[in-house]
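Heads up, there are several structures right after this.
The two complexes that follow have subunit A in common; it is paired with subunit B in the first and with subunit C in the second.
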Partner chain A sequence: MELKKTGMAGTLESSDILVVIEPKNSEGIDILLESVVIKQFGDQIRKIISNTLRELGINQVIVRANDKGALDCVIKARVQAAVSRATGSKECFWRVVES
Partner chain B sequence: MYVPGNNPGLLKDAHIYGADALMFDLEDSVSLQEKDTARFLVFNALLSIDYEGTETVVRVNSLETPYGRDDFEAIVRAKPDTIRLPKTEEAEEVKEADLLIGEIEGKAGIELGTIKLMAALESARGIVNAYDIATASPRLVALALGAEDFVADIKTSRSSEGCELLFARSQVLIAARAARLFALDTVFSDLKDQAAFAREVEYIKQLGFDGKSVLHPRQVETVHRIYTPTRTEIEQARRIITAMQEAEQKGAGVISLDQQMIDKPIVERAQRVLALAEATGMNKEDGGR
Partner chain C sequence: MEFYHFVEQTIQLDNREERARVEHFLANHSLRLEADVDYSIAIYRQGMVVATGSLAGNVLKCIAVDPEYEGRGIAGRVVSRLVAEAYSRGLLHLFIYTKPENAGKFSQLGFYKIIEVPAGVVLMENRPDGITAYLKQLKKYKRSANMVASIVVNCNPFTKGHQYLIEKAARACELLHLFVVWEDRSVFPPEVRYQLVKDGIKHLPNVEVHKGKDYIISNVTFPTYFIKSPDEAVKTQSLLDIKIFAKFIAPALGIKRRYVGTEPDCPVTGRYNQTMKTVLPGYGIEVIELPRLSIKGVVVSASQVRKHLRQKELHLVKELVPEITYNFLRSKDADSILEKIGNEAGGGLIGAKKNRNGRHT
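Right after this comes the complex of A and B.
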């Protein structure tokens, strides 16, 4: 999947995470993370963000994320939604998620 | 119990309040700008959060909106127990949803017929077509009344007595019963007035509804309390069933208890009381709580 523009999803409410995804010219996933629980869960949050992006075939991207204590499934949902908004992809997305 | 689909804080522990079913909403409680993000959120929540046996329902957007088809594509793959069709007016809408779900079940490797349907009737046309809607698909398990849109459609507003809803409630109930579906009543919006809420639950239980949609955890206990049979009712139901079994063993054609004849409707009512008692944990040898 190709990122066509910046995509954003989520909020700064408690239990949520705001995720902004920008296309990058070079290979790699750069994650700039702020979190209320960064000491305890920073590595875990980065891992979920990276894994979700790789599942979607996104490997050239800058991610800015501000976490307010989101569950793993919320992080995943917000990354997927931001990617969906950045790619304009719809139906095919669910099949990618499924596989 | 309704759970807004775009609120992560509510999605994660909605099941702890004891509601029999959670209805994740992608429709009216989600703004047009966030339809897509709510869809991703509910999809992932259903796939990963353990709701500990609580039934899961998702209210999708109508297939007539730009969001409906994407909702179905996502939600069917997340396998909730039931999808709720909002603002259903024609049997064709149910048939269309049935076909689409079947198509997605096929693509996703889900056994055909896994996802059930509930149709919400929220307009004069929906109420008029209640029985056709109720019999439109074998996936249907329930009919529900959506009162807020309905009263707007018939050009009135909701009152505490609910006279404006009597025909619609009766129509939904009779259509559901005729089609052997569950009948579910609409929400009560004034969260502060618990006494009026309790009166309405008593009323819809007496009409024959199987349950009521609720908006807030504090409403759950009231519905359960009113729907839970009393010890006296359970004891009487057990006696009726025992009398019926004894009569069957003796080959007696007529069943009597306390010098009164027990006929089929009385036995069926007793069976329903015991089923409710079972569902609420009351059907124990010591008489429950």
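Right after this comes the complex of A and C.
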């Protein structure tokens, strides 16, 4: 999928994550992460973000994320929502993220 | 911790009662609802305001939380809402003014410090590389020269007065970096102002024209310039704008001198020039005030030109502007601008409300 513009999803409230997705000129997924639990879960959060992006076929992207202790399923959902806004796609890829 | 039920609400800024409630709350926290605000929200508990925040273009401001309810993530909620609204308006690069003691709070909400001024104000932006990216772009134009100078112009529109100033400055230095104010709050849009200046100084090989963007006299660094309300804020904002210039922009380009036209009329610009003369020498930048061009005993100014345009006296404008501007004014492209000027009650810059099409009106 191609990113057309900047997309944002999420909030800065506790247990949520604010994800901003921007198109990038070159190949690669750049993640700028801030998290209240970066020491414990930083790597895990990055992994979820990049896996979710890869699943959606996005590999030229800058991600700015500000995490307030979101669960994995929330991170995944927020990334998906930001991508759908950034691609302007009407296609719905909503499903149960994790049960 | 007790559980409270908070209700979040967009403020109808033209509803006097709602507005007054927010103004009252802000006043209790030594803040006021500034004139250029175009979107406000409040968080209520049992009908009482416990927090509020506003947007003025891409600047978050007038944010306050009742200390009694601090530590419940309310500030985060306010900022989230404002950021989401700004994004939905297509504004991605956001700024915030705050007191130094609150800077830490906002850095947790994704804002990064740009600069602090002694008056107790910190300016922050929502991307870690905001100003560095702008400087990197500028540095491409860095050239070594004996005297690198700079001048900042709005050119609303480009007059013979501007041309005269730029020519004089360009002759007195080896390289002149000219910044065109980029904020779209003047009658003439930035692209038009930029193009007219660029074409109007083509004969000067040592002038480099730049777009001022957010960091030079913008809605971000100097909102009162556009509201033209001379109050204490002018002092702080002048200082902030000039410090950004001195600390970041001037070193990026090796600027050692800044030219400015004398300002007999406008108190805001006058104040700005005064601050420049006090602050810049401390950073090794010389400030040179050039007398402005007079034609038939009258100082040429863009506001004079706009006044003539408002009264449909194009023949009088002809004397005051270079050919390039005159030709533009007579072209079809200028129709909508002239119409806008015709509708104006007076004053050169249009208020925030007119062209910031917020959702509230």
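One rule holds in what follows: the second predicted complex is superposed on the first by the 91 of 99 C-alpha atoms of A that agree within 3 Å, B and C clash if a C-alpha of one lies under 4 Å from a C-alpha of the other, contacts with A are read in each partner's own complex, and residues count from 1 in each chain.
In this text, a residue touches a chain if its C-beta (ideal position, glycine included) is under 8 Å from a C-beta of that chain, and two chains touch if they have at least 3 such contacts.
All values reported here derive from a predicted model rather than from experimental measurement.
Trainee: Overlay done on subunit A, so just call it for subunit B and subunit C: clash or fit.
Mentor: With subunit A as the common anchor, subunit B and subunit C both fit in the superposed model.
Trainee: For A:56, is the partner it touches subunit B (first), subunit C (second), both, or none of the two (neither)?
Mentor: A:56 contacts neither subunit B nor subunit C.
Trainee: A:34 in the overlay: touching subunit B, subunit C, both, or neither? Say first, second, both or neither.
Mentor: second
Trainee: Where does A:73 make contact in the superposed view: on subunit B (first), on subunit C (second), on both, or on neither?
Mentor: Once the two structures are laid over each other on A, A:73 reaches subunit B alone.
Trainee: Taking the superposition on A as described, I'd like to know which of subunit B and subunit C A:81 touches: first, second, both or neither.
Mentor: first
Trainee: Now for A:48: first (subunit B), second (subunit C), both, or neither, which partner does it touch?
Mentor: A:48 sits against neither subunit B nor subunit C.
Trainee: Based on the superposed arrangement, let me know which partner A:64 touches: subunit B (first), subunit C (second), both, or neither?
Mentor: Once the two structures are laid over each other on A, A:64 reaches subunit C alone.
Trainee: After lining up the shared chain so the two structures overlap, which partner does A:3 touch, if you call subunit B first and subunit C second: first, second, both or neither?
Mentor: Once the two structures are laid over each other on A, A:3 reaches no partner at all.
Trainee: In the superposed model, which partner reaches more residues of subunit A, subunit B or subunit C?
Mentor: Per-residue touch count on subunit A favours B.
Trainee: Rounded to a multiple of 10, tell me what angle the C-alpha centres of subunit B and subunit C make at the one for subunit A, in degrees.
Mentor: After fitting both complexes on chain A, the angle is 110 degrees.
Trainee: I'd like to know which partner A:14 touches here: subunit B for first, subunit C for second, both or neither.
Mentor: In the superposed model, A:14 contacts both subunit B and subunit C.
Trainee: Between subunit B and subunit C, what is the tightest CA to CA spacing in Å in the combined model?
Mentor: So the smallest C-alpha gap separating subunit B from subunit C comes to 8 Å.
Trainee: Per the definitions at the top, what is the overlap between the subunit A residues touching subunit B and those touching subunit C?
Mentor: Shared contact residues on subunit A (touching subunit B in one complex, subunit C in the other): 13-14.
Trainee: Any idea which subunit B residues touch subunit A in the complex?
Mentor: Its residues touching subunit A are 7-9, 11-12, 36-37, 40-41, 43-45, 47-49, 69-70, 73-74, 77, 107-108.
Trainee: Where on subunit C does subunit A make contact in their complex?
Mentor: Residues 73, 76-77, 79-81, 83-84, 87, 92, 108-110, 127-128 of subunit C touch subunit A in their complex.
Trainee: List the residues on subunit A that touch subunit B in their complex, please.
Mentor: The touching residues are 9-10, 13-16, 70-74, 76-78, 80-81, 84-85, 90-91, 94-95, 97-98.
Trainee: Would you pull the subunit A residues touching subunit C in the complex into a rising list?
Mentor: Contacts found on subunit A: 6, 8, 11-14, 18, 20, 32, 34, 36, 64, 66, 68.
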